[in-house]
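Two complexes, one shared chain (chain A), two partners (chain B, chain C).
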Partner chain A sequence: MTKPGIRETFRLHMGWLHSWVGFIAGLVLACIFLTGTLTVFDQEITQWMQPEVPLSPLHHITPEALQTAADTVLQNQKQGRAVFINLPSARDPVLRVLHYNGTAFTGPAYDPATGLLLKGRDTEGGQFFYNFHYTLHSGRIVGGILTGLAGLFLLVTLLSGLIIHLRSIWPDMVLFRPFGPRPRAWLDAHLLTGVLFLPFLLVITYTGTIIQPYSLFAQKPRPAAATPARHIETTALPPLFPLIEETKKRLNTQECGFILFTPEDIRISRSDYSSLFLTRDQAIFDRNDGHFLRIITHDSTADRPFQLARGLHHARFSISVLSWLYFLSGLSCTILIISGLVLFLIKRRRISGHMTVYKLAEGFCILTVAGLPISALAFLWANRLIPVSFPGRAEAEVSVFFATWTLSATQAICFSLARRPFAAWTMQLITLAALGVGLPIADALMVPHPTPRNIALSCTVDIWCLITATAAAVAAMRLIKKTS
Partner chain B sequence: MPWHRVLWLLCAGCLAWSAALSWADLLTAASRLNPAQGAMAITAFATAFIPALIVIGYGARMHKWGLWFLVLLSISGIVIKNLAL
Partner chain C sequence: MIFILIFLLWFTGFLAHEIVQPRTRKLIAPSPLPITTLRYVRFLLPGAALLLSLHTDWQTGVMIWLGLGACAGIVCALSLALWRQNAAQPDRPAPSEAK
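On to the complex of A and B.
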């Protein structure tokens, strides 16, 4: 009779591992998953945050437009700034000249047909969420290590969670009692999302962990040191249009993605949208006269799994429906993590609720679950409220995000330590609902949308703001009813 | 939070890390991959096996030989790697 006993003990051990590793990593993972979910539509968020840029149907790029972009590249290079050209695609039908400002790629947009400058407000846009997703805004090395560790801990939590619930996977998959007792409803939500989205969660966590640029396990060899940098050429660039056409032929692709400029050469890469495998193959041309030098491809068998992992994780190949599926799956995984965090607190409130550590844990949970969405909405609000001509407005938007989060954290921790966590939850949820309801109104009043596609984009963002507001309002009302 | 559990988890984590990395290193080195591909392979193997080994290692608390199994696994990886390469 020892075997059943041993199995039960093993499941109990896994319960402890699942709870504690899950809670501590979950605080970080909720941030990673929420921003990652938003990142599925990073370009669309940037477009929403630059409502002045008209989103016309994709036109073929013209040599004139490319020449205008090339002139901008030269002007930037004269100022010692490294820039590149982002070619238009179906998702982002404008030509952009981008530079890295320390946290994101920003720069002016041009009409791909006429080369006219499309004056849009300065913003980091969806790039902010993208960078936050894999660096936590703490630098590529520290952030990369933190997110890599969080990914490993999520895999540990997943495995231990599977062991705990293995016997009841089928009942868990079909049972949801949202109006049952509170722990039951949260547990149902946790198990339902956990079981249904398990394959997605496994794939996205594993691929996300292995494609980290700063690997936890093996340092990727750096390319050989470049020859001493010569004076950066700022003389006229060769015509770029024929180079793009030649790249398409050489790389056998329909679309090109970026044009990079080094002191010696011009590099045109395959579009990320052209294949499930994210290869970044390049054709290289001489900078002076534009003659073809060579192509760089990564098509060995050993490279393919990583290209597939990158492609699956970034999902740039995907059509609109598939992107929405990624978005909804990411949202479900965020709900899985959030419900796990709340469940952890509910289970321990009666026994450990008086302990300072518990109060701090609840404060952190509030600032993650409610504070981060509030800050994300404040970021979008800042985009509408900060004047277009405000100097350094992109940085100001980011500052609003972090100032709001700091306020939320201070309120959550102070109220939790003062034994008023429900008040903190309620206030933050009501704030979230108010911001969500107000944003569509502010958007409609403050910004004209130039094209039908801009209007459709605006409506989509408005709908999601209202969904967020409704969910927050329902949660706040249930909390008020419970505590009154 | 009982600290002996945390200590056990740390031990299991370190041993899992060591075991997975040494075995991944051994397997990729034996495959004669170039350094860039080797680094990718090590990352892929280690990411897959470290969580599993942590779960096994922590679960091994219930068995008196559990932790020794992980110690043996990690030492064997290091020894074989050094003998083989």
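On to the complex of A and C.
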């Protein structure tokens, strides 16, 4: 018997590293990637979850509307609540006065032309997925460390994956055999998405991994994010409209993003949509009389790479085609991770299928792959089912998400331990399909959509719900066929 | 329109790449283009797509080029899988014949 060569031994070790690090980190990474994919359209999800807010074409902001928003800011500050104004943009054409409720930025919306209050239901909306994406709902420190580590592990997994599949990458670049034997079909799906979306995966993982420690250890002032409720001198604010115009001139930009209020000054920042580099440059004005104080720009050579990393990761600069490409790429990377998790289990089922650790691993896999999408859809269902006037409805929606996930986890782990994993998979996939099919119907029956843009948004969400439902139904049917 | 063109260039490039592979070459009737030409086509078409992507804004252009390329690759892989399945079906014995 000949000993394997040094190259083959290295490849074997890399295979081991890829499998184990990939599986353990993959459970967390699937959650990060799925919620990250949804976060590409976080503002649109918020708009879908507030169907009462009409999405008219973007009007120019008027001084009257800004005055109404400024009055709301003052009222909130009197109550000791730190708030900021989010200025309208092409993506979100309303004026919002937002505060941080501990997990997300929420608050009332106003018409940017008239200043009329657009009364929408209380919801965390897409912000929930955004925060879950980088904190896993575990707080900025714990969640930040977990997601940062997951990003590091993904880089290790990527590198080892490249090494073990190096020979087949070029010839098998577009090879997919879904009708072949199971492990082969899953491996093809894994390789196909891994190779084709490798540039996206590398960029998004690398930028995400370097952003996380920076946001943990080099805290910069966020828009009222971690600001605890405190008493702020509530003197009347100067007119904000001229300050915005002056900011545009001084920062040489066409759009401003948001207005922050401190006890001493008013800070107006450049819009995130204006450049690939996410700079958050600000113009600062005196709070009492509104005279210009200074500008804060971050244009040193040392700042630029980090701004580029943030810009590339957040993708706020992007045109709609690019946003959709980010979304599809995120979805494909989620499929890459999911196919890796399933492959890990398929390969070990025959030898280790009887072991408790294996059963637990399968339970965790089910609750990640099927349970998380079910919970995300339950979150959207909750938005439609919980009455608009229900007190604390934003928190109630989040509770529905976690209650559903807990149920899914319990079912997945119990069935896996009872050696009935296929039943768990099938039941969860059928639930996912039912929720996906039902949501467009519930949406159409329960909520009127005031403008064509609201209708288009609703149709887009419905289409994606139906795609999810179809994929889940097909997977469930194939499982039923296999086990019967 | 330009995005569709970029997508199609990538798609055709991937198709040429797959036709060049021996496993696919065996399955199809002789290609109207010689293999050597296809070997060049698979590089030239994505190159042309890159030029199209870059002509307005190179920063977003590069990302659009990569993104559309990846999507075209997925669509090409799915199309080829369906085509292979359809091509293989007539050769399969019917269940009654197999018995």
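In this section, the second predicted complex is superposed on the first by the 461 of 484 C-alpha atoms of A that agree within 3 Å, B and C clash if a C-alpha of one lies under 4 Å from a C-alpha of the other, contacts with A are read in each partner's own complex, and residues count from 1 in each chain.
Simple rule for what comes next: a contact is a pair of C-beta atoms (placed from the backbone, for glycine too) under 8 Å apart; a residue touches a chain by one contact, two chains touch by 3 or more.
Every value quoted in this text rests on a predicted model; they were computed, and no experiment measured them.
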Touched chain A residues, chain B compared with chain C: B
Partner chain(s) touched by A:302 [first = chain B, second = chain C, both, neither]: first
Touching partner for A:437 - first (chain B), second (chain C), both, neither: neither
Contacts of A:160 with chain B and chain C, given as first, second, both or neither: first
Which of chain B and chain C A:473 touches, first, second, both or neither: neither
Contacts of A:149 with chain B and chain C, given as first, second, both or neither: neither
Touched partner set for A:200, first chain B, second chain C, both or neither: second
Partner chain(s) touched by A:10 [first = chain B, second = chain C, both, neither]: first
Touched partner set for A:326, first chain B, second chain C, both or neither: second
Sites on chain B touched by chain A in the complex: 1, 5, 9, 21, 24, 33, 35-44, 46-48, 50-52, 54-55, 58-59, 61-62
Chain A to chain B touching residues, read off their complex: 6, 9-10, 13-14, 16-17, 20-21, 151-152, 155-156, 158-160, 163, 206, 209-210, 215-221, 300, 302-303, 305-306, 309
In the complex with chain A, residue positions of chain C that touch it: 3, 14, 17-18, 21, 59-60, 63-64, 66-71, 73-74, 76-78, 80-81, 84-85
Chain C-touching residues of chain A, taken from the complex the two chains share: 171, 173-179, 192-193, 195-197, 199-200, 276, 317-319, 321-322, 325-326, 328-329, 332
